[in-house]
Structure formats: C-alpha cells, structure tokens
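In the two complexes below, chain A is the common chain; its partner is chain B in one and chain C in the other.
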Partner chain A sequence: MEVLKSAFDFSDFPKIDLCVAGAVGAFLLVFPALPHSGFTMATMIQFLMFSVYGMGWNTIGGYGGQVDLGKAQYVGIGAYTTAVMMIRWDVPFWVSMPIGMALAVGWSFMIGYPLFRLRGHYFAIATIATSLILKDVFESWSFVGAARGLKIPIKGEMPNFLFLQFRQDYYYYYIILAFFFIGLFYLNWFRHSRIGHQLRCIKDSEDVAQSLGIDAHWAKIKAYATATAFVAAVGSFHACYNFNIEPEDVMGLDLSVLIALMAMLGGAGSLFGPIIGAAILVPMKSFLGAWLGARAGLIGLDLIIYSTIIMAIAAFEPRGIWGLITRLRQARRN
Partner chain B sequence: MEHLLIEITKALVSALFMGMVFGLVALGLTIIWGVMDIVNFAHGEFLMIGMYAGLLTALILKVDPLFGLPVAGVVGFLLGVACYYGLVKFLLRGPMIAQLFGTFGLMLFLRNVALMVMGADPQSAHQGVLVGKSFVIGPGIVIELTKLAAGGLSVVAFATTWWLMNRTEIGRALTATALDAQAARYMGVPTEKMNALAWGLGGVTVGMAGALLVNFWPVDPNVGLLFTMIAFTTVALGGFGSIPGAAFAGLIVGLVINIAPIWDSIHAFLGPTSFQGGQLHQFKYSFVYLAYFLIMVLRPRGLFGWKY
Partner chain C sequence: MALLDVKGLGMRFGGLEANWDISFQVEAGELVGLIGPNGAGKSTLFNCIAGMHSPTVGNIFFRGQNVTGYRAYEMARLGLARTFQVYVATGDLNVLENVMVGAFMRTSSLVKARTKAEGILENMNLASLAQERVANLPVAAQKRVVMATALATDPELLLLDEVAAGLNPTEMDDMIRMIRWVHGQLHVTVMVVEHVMELVMKLSHRVLVVESGRLIAEGEPSDIVRRPEVIKAYLGERYVTEQLGEE
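On to the complex of A and B.
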C-alpha cells in the first residue's frame, strides 16, 4: 500500500509539468483512435519501446551515474528467449517474457559483480566489451539461428493474445503502452525509494556514500539488475512485434548507444528525461531516415545530423533537455 | 607435424607484425588518455581517416601506401587539433558522461562523413613497389615485405615518440600537464596548448598507423569500432599513459588475435574426428574483448601503468 502510494505520488513536480504530463498521457491513450498512417503508428510504437528502454537505463545510468553502454545484450537475451521458446516449445509470450527477464537478470549479476569494481570510463568500455562478446556468441550459435537470426512463425488465428500475434498494430501499441505506464509508475516509486536515494548519493561521491555505510557495490548491482529487467521485457516484446530477430538488430552496439543517448538527451537522472529524449530522437531518426536515406548520394546524412546534435548536447548542456528546462526556470525565478 | 609447425610459425610472425601496428594505434590513445584523462571513442575513426589518407595518396601518386605516411601524419595532426578546439575543449567542462557521448557523437559523425564521401565498399591497396613482394625465411615461412616495412616503421615511430616525450622540453611540459595540470599552469606551462598538442600527437601517431595498416588491411568506413576496442584493450593491458606499455601490449594483443588461427591449425592437424573445437576464428575478436574484461577485473593498473 505504501509502495503504491509512493508510486502515484508526483507531488514534487510543479503543477504545469503535471498538466503537460497528463495531456501527453491522454494523447497516448487515444492516439490509435485519431487518424494516422501506418508509418506514424510504427514510429509511436518505437517511441514507446525506446522510452521503456530509456527508463531502464535511467535507473543505473541516470540515478546511479554509471554509464552503461551494453544494454543491448539484455535486449538480445529477452528477445532470443521469447523467440526460441515460441519456436521450439510453443511457449506463450506471457510465460517466456518473465523467463527472459530472469535469464537476463541472472546474466547481469554474473557480469555486474566483477564489473562494478570499475569506475567511470573503465566501466563503460567493459560493458561494451561484454555486449560484443555475447553478440559474437549468438552470431555463431546455431541453436539460436546464428547470424541469420530467428523468424517466428504465425501460430493459428489472429488476434492471438497468448503469442502476441496481431494483424493490426494498435494491439501492439496498447500492450507496449501498458509496459510504459507500469515502467513510469515503477520509476516514480524507485526515485523515492531507499535504493534510489542510495544511488544518487553514490553518483555524487562513491567514497562519501561508502563512508555513510552504503554498500555501493551491492546497490549498483541491484540497480543494474532493475535496468536489465526493464530492457529484457521490451526485448521480448520486440521479438513478437518484429517476428524476426537478428543479432545485429537486437544486440548491436548501435542499440546500446541509442538507449543511453535518448536518456542522456532528455536528461539522465530525471523521471521524464528518457521519455522526452525518445520523443525527440525516435521520430527524428525515422523521419530523417525515410526522407534522406532513400535518396542516392545522401546515405548517412541523417546520422550526420543526428551525431551533430549529440555533440552539441554533450558540449553545451550535458544534463540534457530536462537540465535546460530546469535552468530556464531558475533563471526566471531569480 | 612439420606442416603444423610451419602454420604456427606463420601465425606467430603475422602476430608479431600486426602487434607492432596495434601498438602504434594504441599509442595515440594512451597519450591522450595519459595527458587529459579523457577517452576518445572516435580513435578508431581517426585510424580509418589515416587509412584513407594513406590509400588516397597511394592511388593518386601510384606508389605504396607506405609513402602516404607523412600525409596521413599531417592529416591526423590537423584532425586531432581541430577536434580538440572544436569539441573536446567544451566537453572538458562537463561531467564524464558528456565526454563519453561527445566523443561518441564524433565517432558517428566521422564514420558517416566517410561513408558519404568514400562509399561503403572496402578498398585496399593493390599496387606499388612493395605490394606482393615477399621473401622466404625457412621452409614455407613467407614474410610479406609490406608487413615487414609496417612493423619496422612502427618501431621507428615508437622510438621517436618516446624520445619526444622523455627527452625534450615539450615532452616534459606534456608530462607535467598530465601529472598535475594546475601546478603545471603555475609553472608557466600553457596547459591549454599542451592539451591540443596531445590531441595532435595522438592524431599523428594514429594517422601514421592507419597508413601502415592499410597495406594489409582493407579499409571501409566501419572499420573503426574494432580498432577502437583493440586500442582500448591494448592501452588497458599496457597501462594507461605508458608508451613502452603500449608497445609491449600491442604485441600481446597481436598474439591474442592470432590464438584462434593457431588453434584452428592445431585442430586441423589433429583431424576433425578427435573433438569438436574448430571454427574458433569466428571468435577472434571476442578474445580481445575478453582480454579487456579480464585485465580490468584482475589488474586495472595494467602492466606498466602509473595512472588509473
């Protein structure tokens, strides 16, 4: 009960923020009823998926300040668990998703335990290294389809809620929207919770945190496992939504970076940051890709624009858009 | 049996020359890291640009890419200094996460500019005085002249850099900046310029490494990430900020990458029926990543490091 109360307690945000958030939430709920193209729908689903990825990343990367650039390995574990179980043993999504999450969390403990002895850059690079090793393994492991990946066959009639197979995209949309709201309320609880406060303390100074009696190593491992569970759940959803997974898509470094980048662009360590980041980057990426990518000679131009934005954000406002908003507010108040 | 020995010797020789060039790739990273405590994710992209610089010089002048070495060095220097004044200077004010993402953005930027300008196809050098020439030392062991020249020139580059860092005024100023930037500033060292110089020097060494590497490694815009990871591993193993460390660790990393081919040849010798352990070469780079992981966990200071 206490937990629920804390999860729905947004009282520390200004009223205007809550109004905007409520309006956005209402828009998300009614979006499928509004006129839209298939492309817009796909972009919205991508946006919701990346928001949840970003929320997961935010627990360890934002509140904990540990830059993790290997989240894609957990997306991959979630996606592959679901796909393999569905193809080989006919296991429904709702069973394979928790199993995928459990496997991913188990793996995160195994690599998190040694990794969190490292700090800063060293940790970030080590997460990339583990992620690339796992990708290499999946690319040559024939049980999971090696480099060609896996294709999920269509099971019986649609709509199929057990296996998450639908002809219309709005079914997928509402399922991922449910994930999104669960994630949002969980994170709202998380930031008030004991572990949330511990993590922020560790972010400011790990030595001080240790001297206050916080077990920094264990707190970081727990936050890392939380982040992993989020990411693996959406990974499972990704497998069902795309029907087709390849190591390069679900485990590549690009995905890891994208996840971290969205959270960072919106503002790492704030509740709404990852959502803002995803809301900007996902549409930008898919529309720019669709407009420019198709033209000959302009290959890569979308990524050039996109990387310029990253560099500008990193150079001038490393706290992201949320940091910008906070700064403007303070300026007005003074 | 003899065949096996020849295979292994071949792999070892190849490991040796590759390792020398890897050491040179890592040298630039270790200078930047040592002086400024910043990671450069775009390091592999610097290398890629050095490779293209060497290759284009070779194609235009119709000589070996080796003769593109000075051009690649100059391009690398300009690139390094431009990156420092254009981006890194601003990143230094922010937290560590900003440095990570800033250089990551730089990496994406350089890669896609190269993609736009040069196209996605891998290119390699096919002509020149040394290409295709080789000499034989012992039965079946062939050394390609390009690899030998690349190895030799990396040794020269290492010696020069070591001399520059340890025996000259500039090197002393760089070391002072690395040890304590504030104190160095009080002593009249222009630390801002030293930082730029560190990026320039890093660019020179990695650019030259690119011109050497393109002799036996085809270049495409996506080649960078692999070498960024190899360079990180080499620097981690050698110790952050150590020049002899980079040289020595480069050789070890060259060996590690060649574990898989050596293992595969032993396996081919034992025959396919004995046990199913073949096809390890698919994991050739995983060994590098694993090596990084193990070094960081077991000995984060590296072999010769003084800073971590």
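On to the complex of A and C.
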C-alpha cells in the first residue's frame, strides 16, 4: 500500500512540471489517433524504447552515480532469449520476456560482483569490455545464428498478441507505452525508497554510506540488476518489433553509449531526465540516419555530434538539461 | 562487561606502525575523549574501531562480541555510529533526506524513516533547514546534520571525529551542549577524537592520550593535563625539564 502510494506521489515537483508531464502523457496516449507518417510512428516507438532504457540506466548510472557503458549486453540477452525461444520452441513473448529478464539479471550479478570492486572510470571501461566480449561470443555462436543473427518467422494470423506480431505499428506503440508508464511509476517509487536514498548517499561518499550501515557493494549490485531488468525487457520487445536481430544491433557499443548518453543529456539522477534526453536524441538520430544514408561521405558525423554532446555535458552541466532547469529556477528564486 | 573493549590493537601500513599495542575499555554511558598531537594515530585507531581498517594485530570487542575485521556497515548495524572529520556533501540530498538515509538503516518504510528523521531534526533545531542542501549550509549546521544522520541509526556508541574543527567559540559551546544532550538525554555512549583541548577537557569523563601510535596516558581530564608524559607529547621534552623541573 505504502509502495503504491509513493509510486504515485509526485508532490515534490512544482505544479508547472506536473502540468507539462500531464500534457505529454495525454499526448502520448492519443498520438496514434492523430495524423502521422510511418516514419514518425517508428520514431515515437524508438523514443519510448530509449526512454525505458534510460530509466533503467538511471537507477545505477544516475541515482547510484556509477557510469555504466555496457547496457547493450543485457538488451542483447533479452532480445536473444525471446528470439531463440520463439524460433526453436514456439514460446510466446509474455513467457520469454520474464525468462530473458531473469537470465540478464543472473548475468548482471556475475558481472556486477567483480566489476563493482572498481570505481569511476575503471568501472565504466570494464562495463564496455564485458559487453563487447559478450557480443563477440554471440557473433560466433551458431546456436543463436552467429553474426547473421536471427529472423523470427511469422506465426499464424495477425494480430498475434502472444507473439507480438502485428501489421499495424500502433499495437507495438501501445505495448511499449505501457512499459514506459510502468517504468516511470516504478522509478518514482525507486527514488523515494530505501535503496534510492542509499544509492544517492553512495554517490556522495561511499565511506559515509558504509558508516550508515549501507553495504555499498551489494546496494550497487542490486541497482545494477534493476537497471538490467529494464533494458532486458525492452530488448525482448525489440526482437519482436524488428523481427530480425543481429549482435551488432542489439549488443553494439553504439547502443550502450546511446543509452547512457540520453540519460546523461536529459539529467542523470532525475526522474524525467532520461525521457527528456530520449525526446531530443531519438528524433535527431532518426533524422541523421535518414539524411546521412543518402550521403555516403558523411558517415561518422553522428558520432561526432554525440561526442560533442558528451563533452558539453561534462564541461558545463554534469546534471544535464534537468540540472540546467534546476539551476535556472534557483537563480530566479534568489 | 565493557561496551567497547580494545585489546592489544596494532595497525601497520607498510613500514609505518600507526598504532601499536593499544588496549582500553569504554563502559556504557561514558563520555570519553581521545587526544594526541598531529599524526599520533588517533584517526587510525578510530577507523579500526569503526571497521574502516582491519587491524594488523589485536582484537576489538563490541557489546561482548568479537568484531575484529568487521566491515564499517556491519559495525554500524551493530550500533556503532561515527562522523567524519571532513564531510564533503556534493550530491543532491537535502538535510531531511540525509537524515533519512540514517533512519533507513533500521526500517525499509519510507513513512517511518521520514517521521523519525523529522523528529530528530526537530530535536536538534534543524527543522527549518530540512529542505536545504547540506553543501549550502554553514559549517556548524553541517556538523549538526552529520550528527543527526548518525543518531538516526540508533547507535549505542557514537564516535565523533574532530567535531570542533572550524567552529568559533559560540558554535563550540553549542556543540558541547549538543554532545551533552546526546549523551544525557539519548543515553548514547560518546567517544570524541579531538585536537581542540577545550572541548575534550570540558566534556570528557575520561581522556585517552595517544602519542606515536601508542596509548601513553589514561585518566580524568584534570589529572591528565598535569602528567609530564602528556605535556612532553604536546610541548616537547625541553618544556618539561625547563618549566616543570624533574618530577
């Protein structure tokens, strides 16, 4: 009961924020009924997916302050679990998704236990390494289709809610929108909760946290597992939505960096930060992708833009856009 | 049975013996001071007791339990709270949330943790600052917040590290009153590590003096200041021979 109450308790935000959030929420609910192109719909689905990735990343990377650049490996585990189980054993999405999440969380404990002995940059580098190693394994493992990846065949009539196979994109849209709202309310609970407070204390000072009875190592592992569950669930969805997965797409370094970048741009350690970040970067990415696709000479420009953003955040406002908003508000109040 | 019982404790960092053969006891309800010149090994001793270092030799007993080599968070859960000499609050936790982190050690309920934290802030005259960020507060208020956070863990023994550093005389008096209140009203056993003699002398029932990693004296404050070995530790051998003559 108390958990539910705190999940829906947004009272610490100013009224104006809640109005904006309510308007955005209403827009998201009615968006498919508004006139839109297929490209816009695809971009919106991407935006929702990356918002949920970012929310997951935010638990450990934002509230916990542990910059994680290896989230793609868990997207991959989720996506591959669903794809393999669908192709080989006809297991529906709603069964394979929790299994994928469980496998990813299990793997995250094995990775997290040794990795959280490292701090700061060393931790970030190690997460990149483990993610790339797992990608290499999948690229040479024939059971999961090796480098060619997997293609999920059409299973009978559409719309098929068991296997998440639809002709119209709005079905996918509403499913990922449900994930989005569940994620948002979960995170709202999380930031008020014991583990949320403890992580923010760890981010401040690990020594102080330990002196207040917090087993910092274990708290970080738990938050890492939470983040993993989020991204693995969306990974499973990604496999159904795309029908086609390859190691490079679902486990690549690009994806890991994008997840972290969106959360950091919007504001690491804030509730709405990852959503703001995704709302800016996903359309930019789609647009750049479409535009650069026609101009072979400009390949790599998107990476230049991303790295510029990273440098700008690091130099000017480590708390991202949300930090900027907070700062402006404080300046106006004083 | 003593609340804290340190037996033959030694701590070596490479070739440096920071602590050697230190034994003492703290009874429940005492207010003990730990003093010594710079680099005497006070902080190391403190950190060993609080579980931040694992001592090289010797044993520590807390509430009758052998806690040698316990981690800091395990010590905290057993009822030993500590504050830090330098508290750097850079994060986004406000005063109330800070104290709640302490309260969350004994409960997982948000409502209970908040109620408890608010009660403590009320008692320590911090209620008006509840929504401020700790980093924005003056030093004296920061120290009170740190103490409030430590108290939120319901400790039996509170270790205060250099709690008077950076305070002016008025703030120092407030701090002394606060420590007395914690000791008298909350029935918490207190141990203070301090450079500032004034605070230790006013507060403590008993003083331990550490010099060059060893415990050189132990006794009542008024008695301790007259001991030649203590004066020597602080003011040097020449001062003892010239000013006091051989005793």
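Here, the second predicted complex is superposed on the first by the 327 of 334 C-alpha atoms of A that agree within 3 Å, B and C clash if a C-alpha of one lies under 4 Å from a C-alpha of the other, contacts with A are read in each partner's own complex, and residues count from 1 in each chain.
FYI, contacts are C-beta pairs under 8 Å (C-beta built on N, C-alpha and C of every residue); 3 or more make two chains touch, one makes a residue touch a chain.
Keep in mind it's a predicted model, so treat the numbers as computed, not measured.
**Q** State whether A:S205 touches chain B only (first), chain C only (second), both chains, or neither.
**A** second
**Q** Would you sort A:K155 into first (chain B), second (chain C), both or neither based on which partner it touches?
**A** A:K155: touches no partner chain.
**Q** One more residue to check, A:S6. First (chain B), second (chain C), both or neither?
**A** second
**Q** Under the stated touch criterion, which partner chain does A:G120 make contact with: chain B (first), chain C (second), both, or neither?
**A** A:G120 contacts chain B only, not chain C.
**Q** Output check: A:H197 vs chain B and chain C. Expected answer is one of first, second, both, neither. What do you get?
**A** second
**Q** Counting only touches as set out at the top, which of chain B and chain C does A:H36 meet: first, second, both, neither?
**A** neither
**Q** Have a look at where A:L301 lands relative to chain B and chain C in the superposition and call it first, second, both or neither.
**A** first
**Q** On the superposed three-chain arrangement, identify whether chain B or chain C touches more chain A residues.
**A** Ranking chain B and chain C by residues of chain A touched puts B first.
**Q** In the superposed arrangement, which partner chain does A:D215 touch: chain B (first), chain C (second), both, or neither?
**A** It touches chain C, and chain B stays clear.
**Q** Which positions of chain A touch chain C when the two form their complex?
**A** Spelled out, the residues of chain A in touch with chain C are 2, 6, 192-194, 197-198, 200-201, 203-205, 207-216, 269, 319.
**Q** Please name which positions on chain C make contact with chain A in the complex.
**A** Per the touch definition, chain C meets chain A at residues 50-52, 71-73, 76-77, 81-84, 87-93, 97-98, 100-102, 104-105, 107-111, 113, 149-150, 153.
**Q** So in the complex, the part of chain A that touches chain B is made up of which residues?
**A** 61, 65, 67, 69, 114-115, 117-118, 120-122, 124-126, 128-130, 132-133, 136-137, 139-140, 253, 257, 260-261, 264, 268, 297-301, 303-304, 306-311, 313-316, 318
**Q** Spell out the residues on chain B that touch chain A in their complex, using ranges where they run on.
**A** Contacts found on chain B: 39, 87, 90-91, 94-102, 104-109, 111-113, 115-116, 120, 225, 229, 232-233, 236, 279, 282-283, 285-286, 289-290, 292-293, 296-297, 300, 308.
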